């Protein structure tokens, strides 16, 4: 089969599954999830086929698989839709397909398929006592639509199609965060997520429009792999002083990433998005959708870095990106340290890790960012699914013991390693990967590469910020593992937890394999001891996506030692701090950090800040100023005055002009039409034959007129 | 031999007779029959032109066959309509079927 | 006058007279039977035109199906059978004038064209070869397959439509319409 | 031009053709005239002799089926019974009922006989011995069948009798319905022989089409039985229901003509079946001695005729709904499937060079098995439904009362 055909076919099965479920299959839960999983499995199969096929292509980056059709004609040119399969999209497809499949399967178990429906359950609320989700089919429809959006985004060959997939995912995210719309918090979270990301999207659309106006095309190949276009863009001064056009476009597009990938200051929606079902958190808010922001800036990497040469000074745009990423990484990590909710920790961790990638892109470490993107998708999906499994197990215990504890609060857990061995071991692997446990895990290799890159190119500030974030990461990861799995149960409910079904644990195992193993494809050649045993395939392959193949960095022991040190140190600290915690005891950090702790616990009061700074002023503006003063007093008063005067003028016109003159003419026309109609209506006898006869007579007359006139 | 014009005159006759029937008969079934007459005149014309034109080019016969198909459809649908109207209104006189009149 | 011309005149006369009878006969069923005779006459003309296939098809479709169907329908609606009153509507005189004029014009035009009036010899062709060619032409992608298929779709549509229109109304449906 | 005694009919035709052409008539007209004359003579001679003989045969064989002797008074073995019947019918009073449409009433029996006799125009008795070898012979058979329908309508309507009209309506409904599967399966021998001409079909039967297309032969036979209105399809003249059907008002020779038409028609379907499926005149030696072909043909025809009679005296009459169901739910779909399957398989077999006969036999075997399987499933479902109706449960009744769409 031709590769471009495969690429076209990949996104189709999920959207077909979505349509089939929404239109017909929604009555049968079994059929619905069969369709959804079948659809995504076909996509997965095709993606793997494509992946394997492209591995064999020599110099694949220079000869990607492309195919496009004209879609919307716009004057001389036309907007096109098409697919682009180059190393970057292949890698993207690889992790997206795997995580999609794993999470789809996981959802079956998570939504209690196979259990009796509980008559007490209502739509819009999670099932109370382990019955099957009342809106089971709808969930699968939504995630199928989401899968379509993600695959479109990954495969698109231009920014417009990418944006379509982007927005499609935004919609699905909105729908799925508010999946349990019966809960007020979920409703607020969905609106918050939607509006926050919309801020970024508006700027992104601006960037797209600016790019289109500058180049007349949105195709990646035509812009990014065209030296001339890039040079022109880089040398054209933008409307905002000090930036080149490329810089401004990159910055605008990057704001889209800030929204989508939850970077500071638009990060506030992501923790709240944990209101959705856990598979959604894993799928959308850890593995794929938030990664899409990173994927997008990787995609437009040549544009972002236009005017920059490897090893040279950063452009202003890159500086902004690097700074913002590093700051976010550190900032979110500090918040994660003080969270109690198992999913919230992971949410801030996600923000932090995404900050890593953004920082990596900012310092020009393309391959390292892509590498971390993939490994992070695997281990973060694994962690989320693991946490879902934990919550599921604890909820089960809550139902059994009727104890009122929050099933997501880590301080209520403990000792789950015996109850849920599979979940524990896979979660442990995921956690180690996240904290960058040396040598063994994928997270180590990818994170180390970012750090090494930052260090090698002299971005010291970024390097130390990221290193500090890594330390915190290891710390809160170990804190989480210790609180959840180690020690003794701190509540009765946890004592009654049990392992989840195979549909939930099997994806965990699969993802755990990737969380560990995927790092080995990207071991730097220069690494002492291990380097060169396995070829640095990832660097070779993904690096080929750039016009200029990035050089491998020389080995330097400093960043390695730092990263090993912070990982092990953080883990050790975490374990030491939390290993003996008792039920009901406060967080030992609270004592340690003193007044800082509440700040962290409340996420630097960002929600409150936004509330005071934006939401309330907006309300005030709307209510007091706009409505009461501007609208009621000024505009209404004006309108009333105009109205009264108009009435007077109108009355005059009516009595003097309208009634006698205009109406008279109108009435006369009407009446005469009516009377003439009365006279003519005898013609409409309702007798077909009469009509036909008249028709024939007149046709004959006309024909004979022309014949005679012609003769 | 027979000149082509003979066929044409006969076909024209059939056609005008059919036309008269369509215009003047009261009964809808009779109108239908008259339409069949007109269609037959058309077919006769087609075949005659085919025969005197290019018999090797078979298109005249092909068109005749297609007109057959059209005639069959027309008869079936027309009769169904007439039966349906008859069932509702107990009349088949074309001039009484004027429900859509103003 | 050759024998062929005599045969033609005979057939033509039968066809013409029975066609007239179709439109003037007061009894509907007689009109139907006269229609059968007209159609048979046209079939005979097809034989004269060396189109035996069309002749037989004319008999099968027109006499065997359409005419029988019309007569059948007449018999199904007994009031039509009894309807022996006025058979022509009030427009008949106008219609007669118009059709006569039309016929006169047509005949005039036909006779005016000399190439039509000439007693030309029809081109000879082997009829079985023509028949085979007709069959192929109807299913040849480059020739008439599209009209042929469209005609078959039309027939199917007419079939379904006729059944739908003519079927007696169901009890539930009737209630629905009244509501 | 010598007279070839081995091929007498061909020689006569040639002789007459040359004679007429010498008279100044054009070739096509001559063939038409010869066809008409030849068909008339052939059909007339065959049918008058065969008709009288057939009536005797039918009565005799029917008697044997019913354990009687049958006619045995007039002539040797009662052979002249047919003639006696004919004389009796001729001498009977010819009644035209009041209120009848006289012309139509009188034309109807003529048309009935004509439609049957017309069929014989295209039946090849022996090599060269055929009224008219139309290249659309098969279609012609169908066309003439339509004329038979017309005669029934005319008879039924013109009699001014309710029973006659009812009988005619029934008959016409049946004839029109059964024409469909018949026309469809007639396509099968047409396809196999590659021609619609009767002679070409006979010539194409190196292997009898009965072997190549047994299912089509079966469908053709059943629907022809219905076309004739023979038992088990004689409900068009079911005495107990509609007295005697469309010909109730006829008497004397006019009734005789209807009767004769029916007898001829049964004989004719024997002949048609022979031509289409049993290889016509073909048999050992018929190529060299055409006269032998005539013998083969007559023998085969009478064999088929015997089967028709056998069925008549064996099967009970079907109800009208059963008849319609048989046609629309069984024969028509089967015929459609057979036509399509045969067309595809034959094309495949010819293009791939497979042996034709086994392939077609296998196809027909498969079709038979499929049909039987489907019928079994249908019967089972029907039985289940009937049983369900017999003992309805409370819930079922409630469900039925609510029903869909209410």
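To keep things simple, chains are lettered A, B, C and D as they appear, and every chain counts its residues starting from 1.
Rule of thumb we're sticking to: a contact is a pair of C-beta atoms (placed from the backbone, for glycine too) under 8 Å apart; a residue touches a chain by one contact, two chains touch by 3 or more.
As the structure is a computational prediction, the values presented were derived from the model and not from experiment.
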item	value
Shortest chain-hopping distance from subunit A out to subunit D	2
Pair joined by more contacting C-beta pairs (A-B or A-C)	A-B
Distance between chain centroids, defined by C-alpha means - subunit A, subunit C (Å)	69
Computed distance of Cα centres, subunit D from subunit C, in Å	27
Where subunit B and subunit C are represented by their mean Cα positions, the distance between them in whole Å	5
In subunit C, residues with contacts to at least two other chains	2, 4, 50, 53, 57, 65, 67, 76, 89, 91, 94-95, 98, 102
Where subunit B touches two or more other chains at once, by residue number	19, 23-24, 94-95
Sites on subunit D at which at least two other chains make contact	none
Pairwise touch network: line, ring, star, complete, or other	other
Interchain pairs in contact, sorted by label	A-B, A-C, B-C, C-D
Parts of subunit C lying in touch with subunit D, wherever the complex brings them together	2-4, 7, 29-30, 33, 36, 47, 50, 52-53, 56-57, 59-60, 63-65, 67-68, 71-72, 75-76, 127-128, 131, 172
Parts of subunit B lying in touch with subunit A, wherever the complex brings them together	19, 22-24, 31, 94-95, 97-102
Contacting residues of subunit A [partner subunit C, same complex]	687, 689-690, 693, 696-697, 700
Subunit B-touching residues of subunit C, taken from the complex the two chains share	2, 4-5, 8, 12, 15-16, 19-20, 22-23, 28, 31-32, 35, 38-39, 42, 45-46, 48-51, 53-54, 57-58, 61-62, 65-67, 69-70, 73-74, 76-77, 79-80, 83, 86-89, 91-92, 94-96, 98-100, 102-103, 106-107, 110-111, 113, 116-123, 125, 130, 133-134, 137-138, 143-144, 147-148, 151-152, 154-155, 157-159, 161-166, 168
Touching residues on subunit C, where the partner in the complex is subunit A	89, 91, 94-95, 98, 101-102, 105
